[in-house]
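In what follows, a single structure is set out as structure tokens and then discussed.
Naming follows writing order (A, B and C), and every chain is counted from residue 1.
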Amino acid sequence: MTRLSWFNVTSLTLGFAFLYLPMVILIIYSFNASQLVTVWAGFSTRWYGELLQNEAFLDAAWVTIKVAVLSSTIATVLGTMAAYVLVRAGRFLGRTLFSGMIYAPLVMPEVITGLSLLLLFIGIGLDRGVLTIVLAHTTFSMCYVSVVVSSRLMSFDRSLEEAALDLGCSGFDAFRLVTLPIIAPAVISGWLLAFTLSLDDLVIASFAAGPSATTLPIKIFSAVRLGVSPEINALSTIMIGIVTVGVISASLISKHRTLRQRQEEQAAARAA
Amino acid sequence: MQRVILIAIPYAWLLALFLIPFVIVFKISLSDIALAIPPYTPTLDDGVGPFFRALDFENFAFLMSDDLYWKAYLSSLRIAVISTLLTLLVGYPVAYAMARAPEEWRATLMMLVILPFWTSFLIRVYAWMGILSQEGFLNQFLLWTGVIGEPLTILNTTTAVYIGIVYTYVPFMILPIYAALDRLDGSLIEAAEDLGCSRLQAFWLVTVPLSKNGIIAGSFLVFIPALGEFVIPSLLGGSGTLMIGKVLWEEFFNNRDWPVASAVAVILLLLLIVPIILFQRNQQRQAEAEG
Amino acid sequence: MAETVFAPWDDPAEKPLIRFRNVTKQFGSFTAIDDLTLDIFEREFFALLGPSGCGKTTMMRMLAGFETISGGTIELAGQDIAAVPPNKRAVNMMFQSYALFPHLSVYDNIAFGLRRDRKSRGEIDARVAEMLKLTRLEKFARRKPHQISGGQRQRVALARSLAKAPKLLLLDEPLGALDAKLRQATQFELMDIQEKTGTTFVIVTHDQEEAMTVASRVAVMDEGRLMQVATPERIYEAPESVYVADFIGDVNILTGTAQASGEAQFRVIWDGEQTPLVAASSREFHDGQACHLAVRPEKVSISAERPEAAENAVQGKVLDIAYLGNLSTYHVELPGGQIIKAQTANTRRISRRSFTWEDPVWVSWSATAGVLLAE
């Protein structure tokens, strides 16, 4: 089954064209000299230049990155704890409620999550700004982190932790010295996921943000509601570029690592 | 002691920032709108007794009586169902072809499906605005090929919303189906052919039933977020596209009617509970079957 | 021999059911099957035996229609089947993994092929019932494959592939997934079912004991070629090459040069110090030709004194003793360093072992005990 039938080739081609053509068109037209977004008037980086002059966008980008770094870091700590509790802590009072609260945000419509958080912030009189966005993002992204980490925790051999305890580690040391290094890749991908979720989020941020802090998605959304603009195309291209480079290099690193591990295993097998 | 702290911290966080906000939403959905800050009544400042006495189901009664909301719920359901089917139609052949592709391609194909996940949702929806508009690329292309004589109106219609949902959620459909097909033992197809099936029969009688769990999982993963979708209908849909997420947003931000917005949220949640429970059960069954 | 009652391969008038003619199969630059010619007859239980990668599975898959042929022809009942797709061939296959449809019950698995033939409900019911009875699965008809044991699954797979009454049934390592005890019982069951249904069976296996037990003829394969095709007895007692002798069972191979010493009798000059060996052979060797004498350990006797009548006897000392319960194998080291294995049957329960490590002993065998091979 090494050769694909024409049917399969067609589905792959059409499928991936569907997934990627819109982004390709967007990228091409971000280099369009014309103000009119659908008429090609020659190559230009004019819109990138204008984008860099646009203070409002730059401010929003800065806020977005701050929020993303903060919220994804807190979410990773909390999510890893939650995953450990789910997989390892056994039974405790309210465990069902706990796991319900972990899984519910994954399927909750963003409008509801956003609305409920906003009502809470107003209820307790918290001023809306960077802090409230961080709190909101941490809450939903910790659930994603905990799902990623707990699936790794479930697949790993519990006897490793038991061996550490047997050799005299305290519970926390066993976690720090044995569990954490092993689940580290899952924790890192959890952080990356939380980071991109935060960068990406429009709806929840719209509810949680106040006049003092605006994130990039909120800015983009209010701009594109008025229609397509070449400046937004340029901004999108930059964002797509960063993500693409990030994802591809991450996958190359992990591929390289598995390859090296396999080579080392083979070398060890030969030496034996 | 360590264990208690370990459990308490995430537990407390989720209680404070997930569960309590819901209780508040539920409470406000039973309140009345008021010209005050916050813009509803009663609040706990009124005292406990009057507070509970003042709560009622008026907002829900209002939602029942005003057919705008009915229509929005029904149209959300219809759009979610139809776009889930369309996503399946687009996603299944891709997942199938991926599972049939040579081993060494598969990691790359997987990455190509996952990559859009990481790029901004908003940007991906926005990209379609330039394609579907009156003078957009699709119309330009169709006019150029001569298929149509004058530009089609696609942007700001429900069709554009379907395209948007299929486009943004198709990876959610592809991945679970691919996982199911990838696990499928190739000798089962050969056995079916050996026993007299044509290719197509083997597909219907063996491949489809055995990828059922992937289809179900993928469908829920598309249906659930599509039902409460806000960004896609507000950017690609027109005034004629009623979706409940958009109604909630407008009720809250434009009309500033918090009690009604909360009631809309409560009903949306009720609508979602059934598919979410079904989804959870399907996942559990699958886990057991594998375990 | 008694079993020649059924020996269609010796009858020139008999038409073979399957005929491979100069069949070649290439995967890229790798030749899986190399110019192979073979006839298989109706009602045969034919075994393809060989190490993994020898091409036996490819042969089977070509018969089933899952692999195309690069060169040559395969005929089934006189018809070239190259162009017939798998679903149109009167050939069914029992897969190594069983390939039972996990979403269908035992009954529906067995009925699967019958339904494709658009048979009536009554007919299907009757045939499935018959198959369930044949494989003793009546009680499990409603169960799903994951609700029955490995042995039962194996029988479902057999019943399913037999249900359409194929001209030819292919079995790919059918007993590979069963444990040793169950495998033995199932071997006899397979033979029994083959006899009852009168279907031609072609079995692929890497387990020589299994091939010897069930098959009417065995084909030993290596690197895409047939090394020998013969009855189990002939494969074992009269191998045609060192490869076959060595592949099947345990064997002592002594290498030397041949010298004619009478009618169908040769002397083998081997280790310079030793007296030449005597071996009967119908195969001709010219003087000085390199040859190998293959002697099975159970045909070698071991004794403290040199046996008077022995045609071949050499002295050595006991190096190792493997006690296998029913048998004991002595590894005897000769002065030249060669090791000869001699096997004795442990017929008495309580007896002192006659020899122990380092004992000087004689190993001996008759002129007809070994087979003289050129390669």
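Here is the rule we go by: contacts are C-beta pairs under 8 Å (C-beta built on N, C-alpha and C of every residue); 3 or more make two chains touch, one makes a residue touch a chain.
A quick note: this is a predicted structure, and the numbers were derived from the prediction, not measured.
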Other chains in touch with both subunit B and subunit C: none
Leading chain pair when contacts are tallied as C-beta pairs: A-B
Greatest separation from subunit A - chain, by CA centre: C
Euclidean distance of C-alpha centroids - subunit A vs subunit C, Å: 59
Length of the line joining the C-alpha centres of subunit A and subunit B, rounded to whole Å: 18
For subunit B, residues that touch 2 or more chains besides their own: none
Subunit B residues touching subunit A - in the complex, by the definition given at the top: 2-3, 6-7, 9-11, 13-15, 17-22, 24-25, 28, 38, 90-91, 93-94, 96-98, 100-102, 107, 109, 111-116, 118-124, 126-131, 133, 135-137, 140, 167, 170-171, 174, 186, 224-225, 227-231, 234-235, 245, 248-249, 252, 258, 261-262, 265, 268-269, 272, 276, 279-280
Touching residues (chain side subunit C, partner subunit B) in the complex: 64-66, 85-88, 91-93, 95-97, 99, 101-103, 112-113, 116-117, 160-161, 164
Subunit B partner contacts - residues on subunit A that touch it in the complex: 1-2, 4-5, 7-9, 11-12, 15-16, 18-20, 22-23, 25-26, 29, 37-38, 78-79, 81-82, 84-85, 89, 92, 94, 97-98, 101-105, 107-112, 115-117, 119-120, 122-123, 135-136, 138-139, 142, 146, 171-172, 196, 199-200, 202-203, 217, 220-221, 224-225, 227-228, 232-233, 236, 239-240, 243-244, 246-248, 251, 255
Touch list for subunit B against partner subunit C, complex: 185, 187-188, 190-198, 201, 205-206, 209-210, 212
